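A, B and C label the chains in the order they appear, each numbered from 1.
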Amino acid sequence: MRGGREVFEGVNFTVAGGEALAVTGRNGAGKTTLLRLIAGLLEPAQGRLELTGGAADATLPEQAHYLGHRDALKPALSVQENLAFWHAFFGGHDASAAGALETVGLADLAGLPAAYLSAGQRRRLAIARLIAAPRPIWLLDEPTAALDTAGQGRLVELMRAHLDHGGLIVAATHGPLGLGGVKELRLGDPVPPAATGGGEKSAP
Amino acid sequence: MTALWAILLRDMRIAVRIGGGALMGVLFFLAVVTLIPFAIGPDQALLRKIGPAILWLGALLASLLGLDRLFAADHEDGSLDLILMGAASLELTVAAKGLAHWITTGLPLVLAVPVLGLLLDLDPLAIGAVALTLLAGTPALTFIGMIGAALAVALRRGGLLLPVLVLPLTVPVLIFGVSAAETAVIGPLMFGTPFLILCALTLMSLVIGPFAAAATLRQGLD
Amino acid sequence: MALIDLANPTRFLNFAERVLPWLVAATLFAFAIGLEQALFVAPDDYQQGATVKIMFLHVPCAWLGMFCWGLMTVAALGTLVWRHPLADVAAKAAAPIGAAFTFLCLFTGSMWGRPMWGTYWQWDARLTSVLVLFIMYLGLIALWRSVEDPGRAGRAAAVLTLVGAVNLPIIKFSVDWWNTLHQPASVFRIGGPTIDKSILVPLFAMAIAFTLLFLTLHLAAMRNEILRRRVRSMQMLRVFADEDMRQIESRA
């Protein structure tokens, strides 16, 4: 439900470690809502989300990274300070913050105020957050938006590396992810009557 | 632990960098204290008598400043979503934010009391009493206020909603704070009772505030 | 070199570099004369003794606090009406200096009044007006700091400065009225009803010295602000350059 309105129903999917699920559909079909549901930011009116495997003492949201439309950057802080904060908050290993900046190509701008970044650079900094503190599940909402071709290529590499390590990706997207071997969940299409609401994810 | 430390330092850093932070609260405090004599006249004796009350009122109103930004800024840029997904407990995280707010807003108000006390011609004992009671009471103001801040974010309402919600809750703190400050001048025996109650109120708010705010934030985001 | 030439920041920086040493020297010289006059030539007050000499600090500071707002008002018009490039630099640089002089005025006034009043503060008309002016200065500085972009901050501050300029006489008038309302008898006039010539000359000397001090500080502050903005531009260029490089690389 969003604002009292039912967004979707009868959604059913399974994603396993090393797999990626692309959630497609027209605007307003509920792609963002589904991602936020998985992230634990929304309660489903009906149905359940099940996680098999993964860390026993952590909930699903605590093992997931959410890359939403907004980049969660503080303009008053520098590029490095922004990333260092999320790195500390999500409990990353010591070296990974600097390495993450290198990987997304923002190492040169580390000391500059985040306020001056363009949309693409902000997106890259947000992506750096994903690799600065590893978590098995990636929930990405239109991750390639605002990225140029090089940036998109880099992101695909990162996603491929994540899947190879046994991670899981659920991405809302308009176009193809460029990954290959991706399952698709299309929202907004009529659902066969036999299906029931629910979703399953399994992580290593 | 690192996560809580990280959020405490980040909030303090941001508060100090943009728009003055600590200085805004103190400036508002100064403005309020200056306005009162314009309203009631420059009668020194009267001002000295109600001085502790003026200072407490000014500090209370100044404390509420910046409280609406406590969660609103994080909500607007998407940080709040991520904070909700953190491994650290939300109650502790919210408490860390409250602590950052108190250090950057509440504590400077306490430090400003000696100067403002001079404007109202308070004697050193009265100034000390007001400062001490504010030191004990301003954390309560922040931690009670954060409940209103969380409600304002969850309900998507800004403006005067937060002060309207929070002011009644701060009445006990105000009553015992001013009472303690005034009785300090009369004699230390009378000071103890209201002061201890004030401390108790603060300790309660340190627990109730984060729990209520966290529960609100979990409910409200959609 | 016409004044208009100074509109170019680089020219202004060169001008500032050349002029500053002379200004500093002139300020020191003026203070030497002023202090000598104030301390040794001016007579003690029969009632207050030597403490009356705080007046030689207090009055020039008051004068400068108000002069500074006048200068910022002109700068504000420069920003809003004539679009002079350095007008908002002048305004931003002036605000903290004006606030400092206003604070000094309050502080010296308080020190001066303490022996007479028995308290550090008296809600009399003049001191109270200066206190309100001080709060307005601080508000203006807070406004400057709250907007990141210097151009936008400059325009907002210019509006506030003009509003303040219009309001200051009104505030002064109403505070005077409030004061007579509550204290019908004239209690204590700092500086006395008439100023004897033996006091006037040292006062004048100190006023000139303080004004030179203000100009020196202001010029240095303007130079610093221009340099600060240059750093900001360079930082932004570095960020843009990174983006451009990536665009070029991705097409290569």
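Please note the rule applied: contacts are C-beta pairs under 8 Å (C-beta built on N, C-alpha and C of every residue); 3 or more make two chains touch, one makes a residue touch a chain.
Note that the structure is a prediction, hence the values are computed from the model and not measured.
Q: Is the chain-to-chain touch network here best called a line, a ring, a star, complete, or other?
A: complete
Q: Please state whether A-B or B-C has more C-beta contact pairs across its interface.
A: A-B
Q: Counting only Cα atoms for the centres, state how far chain A is from chain C in Å.
A: Those two chain centres are 53 Å apart.
Q: In whole angstrom, what separates the CA-based centres of chain A and chain B?
A: It comes to 37 Å between the two C-alpha centres.
Q: For chain B and chain C, what's the span in angstrom between their mean Cα positions?
A: Centres of chain B and chain C (C-alpha means) sit 32 Å apart.
Q: Can you list the residues of chain B that touch 2 or more other chains?
A: Residues 18 of chain B touch two or more partner chains.
Q: Can you name the residues of chain B that touch chain A in the complex?
A: Per the touch definition, chain B meets chain A at residues 2-3, 5-7, 10, 13-14, 17-18, 76-79, 81-88, 221-222.
Q: Taking the touch rule as given, give the residues of chain A at its contact with chain C in the complex, in rising order.
A: These residues of chain A touch chain C: 75, 105-106, 108-109, 112-113, 115-118, 120-121, 148-151.
Q: Under the definition above, what is the set of chain C residues touching chain B in their complex?
A: Touching chain B from chain C are residues 110, 119-124, 128, 131-132, 135, 138-139, 141-142, 145-146, 175, 178-179, 181-183.
Q: Which positions of chain A touch chain B when the two form their complex?
A: So the residues of chain A in touch with chain B come to 2-3, 36, 39-42, 58, 61-62, 64-66, 68-74, 76-77, 81, 84-86, 88-91.
Q: Mind pulling up the chain B residues that touch chain C in the complex?
A: Against chain C, the touching part of chain B is residues 18-20, 23-24, 27, 30-31, 34, 37-38, 41-44, 47, 118-121.
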